[in-house]
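Pasting a structure below so you can have a look.
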């Protein structure tokens, strides 16, 4: 079995652990409240130990096991977790993804927090993998958006990577993305890009959202790094890709579903971004069983 | 139009505002990062004002407008928000739920954080309302579970109420709920209940999860307040309800979907709890348009 | 001697440790300030070790030793504490409750914070035990109230349990308790209870405060779980208990002292709540001696 | 009536408000929990307003009204508080100390937090005033110690000032105080003082605790600012005061009660410190009445 | 005079205010400590008002006035500040940059915190402007580095912009910058770039640090966005610029001082980064005078 | 080599570690951002280990190595640091001050945060030592002021001690220091001192700032502990020292530089305070090299 420390975390590092710890701690405190785990403390003796396993109730892609494990170890660092199916790997229904042993109270008290994190992140990873598999053979990469759960963006982006996707900018400070509302205030695409270039540092990329070919041509006349083709039909996307002709990166967004993603990918866009990966992915069900 | 202060918040009060403020502040900081909103600050002058509206992109139940509004007012308290369709009310596709006016930067910078909150909470409220409507005419109440998004439980429970649902215990300290894993360690239902009663204060209710009639009878022999009938068929549920005969409250859980909930409700259970309300409800899409 | 990890914490668990850590850390920072322990750092070399004992200066019930121990281990995890008289046990004057060994600076710097916690919590436990002993032989349980020290409620409730008492609801979200000020705004007991039942989830108990038999009868006509008999004479309490006749739980409050508690208990009430346990219990004196 | 802003706070200033705000906010969150004020939110409409008064249930010295008021205004800044008897003034039983008006929910939800703070701090102020009155006519000042409630030191020291007392050093970084445990490790009084003088900055005072005249003479041979005469009889204190002869400040501690303080003061000591002011002062009872 | 709200903040926005508030609050608490401003509270009555001005003691570029103003308004929101010389403008010795009026205590207590921020940030802006002026007429931009004061990066980067400079990546998550230590572990420039491209999202720029022309050519063979020419002589820089020939952005770093920057700029590099802007800029002296 | 735990920290103790930890953690999070260390995580495998050394790029006094070491160990507690030249000791250019071994990612990700702290604090210590050396042979002590970096005062004061200096009061609550702005509001020196003595506790020293001999004589007529001789010429200082004649402590401030400090010291003042130690000391350059 793989000890926790050596889990092959995709895109994960010391810095992720630093970010995950306060999230998990806050989630534990949210669940335990001020009054403590009334049921467990009444029924389970403080010195009782137990063994348990975390079992998938559906098949999908695992993501978040190290973060979920913190729910137990923050309560009691004597809990030991052995990971059998690591983040980024596929799990089949009823398979065990981790085995847990240690003080019984910590296992029972941490159970729901751990499962809530694991189920949500694995849901994101599984939704991502479905799109990734559907665009296999094309040049398109599946990427996330800023439509993430408030407070969980760092973990959800990690889950997207576990599912084989890539990350868009983390937030508003990660890159310039000029959207329709900015254009409404800027007057013109040209003016907006000029302002962005005058303001942004030399390490900041600039992307512009366009809704039609006319806007695309206006944007292409300026020095930008990428173009976001929003809510275009596959035919429009294909024409836009031809127009761009490899000079800058092309991103498609809007209406991206499992039903449409393959056709979008075949238009030749470099990147397909899908908000649903993080705002509407159903959880992947896991349960914890005392053994 | 309704000024923000007077929104008829269902289940909402000063205490919810106290809880929501740090959540929204953290979400803003997560999106803005350390570097600030590079695009808006480059393109939009500091003294520019704007008007905008938040428009539903699908029909459903609104929830979270006051919390979402904080995303603007925490950035700049000169932003004014007028709510047209309040939390708990139904919105039709393309209807405007709120109008916003004030400094343009704050509106653009707060947009994504506000929409992320509003979309998620309205998704929860809408999913709840669908179940609530399906059980209309029965005695069953639709309630949430602890399968909530880490960090957002207080808001998601509020959204469930906006959708017409009711709340289960907030967390582990809200009531005793003896589940299968507790029983695995306690030895017997009787011993578990005895320990819980010896430990819990006089204002704490005790509920026991049972999986069959035998366990149900064992539980009914003890002084408890409610029984959780887990993963039973409608036939089993109906028999359990007869067995309980109104002495304590009955709760059904497991396999609750829009396809099954009506039949479950017709068994006569008092409460139906559904984790999917909070762990798998798809977001209700909203957008913000500068006008 | 008992190692810290195995202290038989009554009502205490991983969740209590999670709650106690920030309290003790904040107390240490409050005492140490920004400038550090000027005296110890000047006089005691960094590599000096020492042994010490914590001695009771009066007899009573011990509570808070694990929390107090954190004052040393948060400063230096090499400090070892051996508990001789555990939480919930009686200590006699001049007896040693714990032995400490490790870096001398951490022992001296943590001393006051540790003693402040231990003395206060043991004072609460001792005051509780005095009432508990006085009602021995009756059915009455001694319980706490929300009249606790701001910031220390979780620890003071634990101390009440160490003293043999029980806990009332933790706070405003733990149960419904309709008091006189609510009734002043609700119009009638009946209307207040109806509103509470329509609002509260199925796991929430409802208690109503009454001041006379007329109010009691009005309350008993509604479906509630408990009644708070406030500021009644023993004769009135006895009559109220007869009126209730075991249908719901009865709680007496108001004027509960060591002089009155036995007579109150003999009226047959189930629960006696006393704010003085937490707002006016004198500290139990302890000192730390370098040996 | 005195508006809140103009309360003549003794020893209080903008800096106290800065310190009190997080204490009161944390106390509110502790009481409200995650679930909100179930009773008030069920029974009292969001737009209901009310008037109330805070009434003393015993006579004593008021302290903490501005801090207590924050419990209401942090919940809803529309609550208005008019102070009738300000901090530091005497209140008689059944007198009104403040009148409150505004949204009813905020008044009811904040009630317990406000009263807990006000009762505790007024208890400290009242206990202080009793000692201060008992030493009237002597040179002795009554001062506090570091035996304060964890987390509330800044407020309790303020309450001591409201009661007519003075403040000892705030914490370990406020001055050097060489106590018995330091001497046990330092070898000699002389060595300890030398180390302290070599370490402490020029704005730091040095006090030494002595238990007998021999130690006193040893300390007086070194350049120190004050001497703590610990657990001495009045006769010993008087002799110590003669020995010091005004060269440095003298402080008496140990066994200071209302029964002994006058005799201690008559020995001529400059300062009498009493831990009981903060660790064992009974609360002064207040209640809030809706009018 | 310019009201605070309308100060033309260069690169500053609502998001900066959100970031600055906790920094200023923490700085105030650091200075005020637990015990409060002993001097001001003793000497100045609570209801005393005063007027003051902030005066430059040397000439330079102003930066940080809005942040510094928070030191007063966080203490008492009745303090009014009128800015006469705004951020980014030049101030001459003895000129008044701001006028302040309001409660005297808040002005005196906030003085040092305000001046510490203003002096440091204006020092950074002034040092930046000196370099910017020295490279006038060349294509070179002066940019900051990550060698900032721990905790103040967001403000120091703002000060660099006030001085006419530009910002490098905010931190490790803002862009890829492959430095010598990365190359030591990666084996080759090619392998490092390949790994970075496989890992980074499509909105992330990649820059590589090279120390000689050989490394430069190796880097230029890969698809990167910028090259950091580290510690090269002007002659080497000029040759590197010729080699790059405008294909990617060139950045010079190492040994950048007021004596060398002009010659470096004349080599034709696009960007010159200087750690000394933030780690070694002397403060620009300001004082506050009661008028 | 010296293991970290035994570094002879001058003026440093458990309490400093408690204060440094949140500073270093915040600095790490500031640098790593939400997105993580993109470069290191892409290029360096999670299980890669490395060895490195921290090398001085100029000679000076080391300060802050234990704090800087936290930047590595907070990321990964498997990083081991061996200190070769401890805080307070002199380092020559190109000498190694510490050796580091452990997971390569933590070393690379923590590098800049560690160096930023070490360089700044060593810069402060080195500037202090230069002044201390220049006043050798006189009675004058070099002390810091409150002109420190917001958020870093506790560490910068420690660095001053490492450089051989002493500490002034930590902040506004550490002592009374009556300055010109206080006098402007107090009316007279006499009134100001009287108010301070009436307000401050018995462990608080009182210092008065004077600008000429007339003010000095007025101050000397009152019972104070120290006098701050501000912006006086050496001749004035000498006369002031004669006037004081050892009755109280004398402090010189204003215009203290390496050029003037020796002459100031020869006037016989006890203490010389210099804001430039903390607001304008250039960083001492260090680098980290993978070996």
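Each chain carries a letter (A, B, C, D, E and F) given by its place in the written order, and its residues are counted from 1.
FYI, a residue touches a chain if its C-beta (ideal position, glycine included) is under 8 Å from a C-beta of that chain, and two chains touch if they have at least 3 such contacts.
All figures in this text were calculated on a predicted structure; none of them were measured in a lab.
Asker: So which chains count as neighbours of both chain A and chain D?
Answerer: For chain A paired with chain D, the chains in contact with each are B, C, E, F, in label order.
Asker: Enumerate, in label order, the chains that touch chain B and chain E alike.
Answerer: A, C, D, F
Asker: Between 0 and 180 degrees and rounded to the nearest 5, what angle rotates chain C's CA atoms onto those of chain F?
Answerer: So the copies are related by a turn of 120 degrees.
Asker: Taking B-E as the reference interface, identify its repeat among A-D, C-F or B-F, namely the pair sharing over half of the contact pairs by residue number.
Answerer: Going through A-D, C-F or B-F one by one, only C-F repeats the B-E interface.
Asker: If you average the Cα atoms of chain B and of chain C to get two centres, how far apart are those centres in Å?
Answerer: 33
Asker: Counting in whole Å, what is the centre-to-centre distance of chain D and chain E, each centre being its mean C-alpha position?
Answerer: Centre separation, chain D to chain E: 44 Å.
Asker: Just curious, how far off is chain F from chain E if you go by their C-alpha centres, in Å?
Answerer: Those two chain centres are 22 Å apart.
Asker: Which residues of chain C are in contact with two or more other chains?
Answerer: Those would be 11, 15, 30, 32-37, 40-41, 109, 153-154, 167, 170-175, 177, 199, 204.
Asker: Examine which chains touch each other and state the graph shape they make (line, ring, star, complete, other).
Answerer: complete
Asker: Tell me, which parts of chain A touch chain F in their complex?
Answerer: Touching chain F: residues 6, 8-9, 11-16, 18-19, 153-154, 157, 167, 170-171, 174 of chain A.
Asker: Please name which positions on chain F make contact with chain D in the complex.
Answerer: 11, 15, 141, 143, 166-170, 172-175, 177, 199, 201-205, 207, 225-226, 249, 251, 270-271
Asker: What part of chain B is in contact with chain F in the complex they form?
Answerer: So the residues of chain B in touch with chain F come to 30, 33-34.
Asker: For chain E, which residues are in contact with chain D within the complex?
Answerer: 25, 28-29, 32-37, 40-41, 46-47, 74-76, 103, 105-106, 109
Asker: Residues of chain A touching chain B in their complex?
Answerer: 23-24, 26-27, 30-44, 48, 50, 52, 104, 108-109, 111-113, 115-117, 119-120, 123, 146-154, 170-179, 181-182, 184-186, 192, 195-196, 198-200, 204, 276, 279-280, 282-283, 288-290
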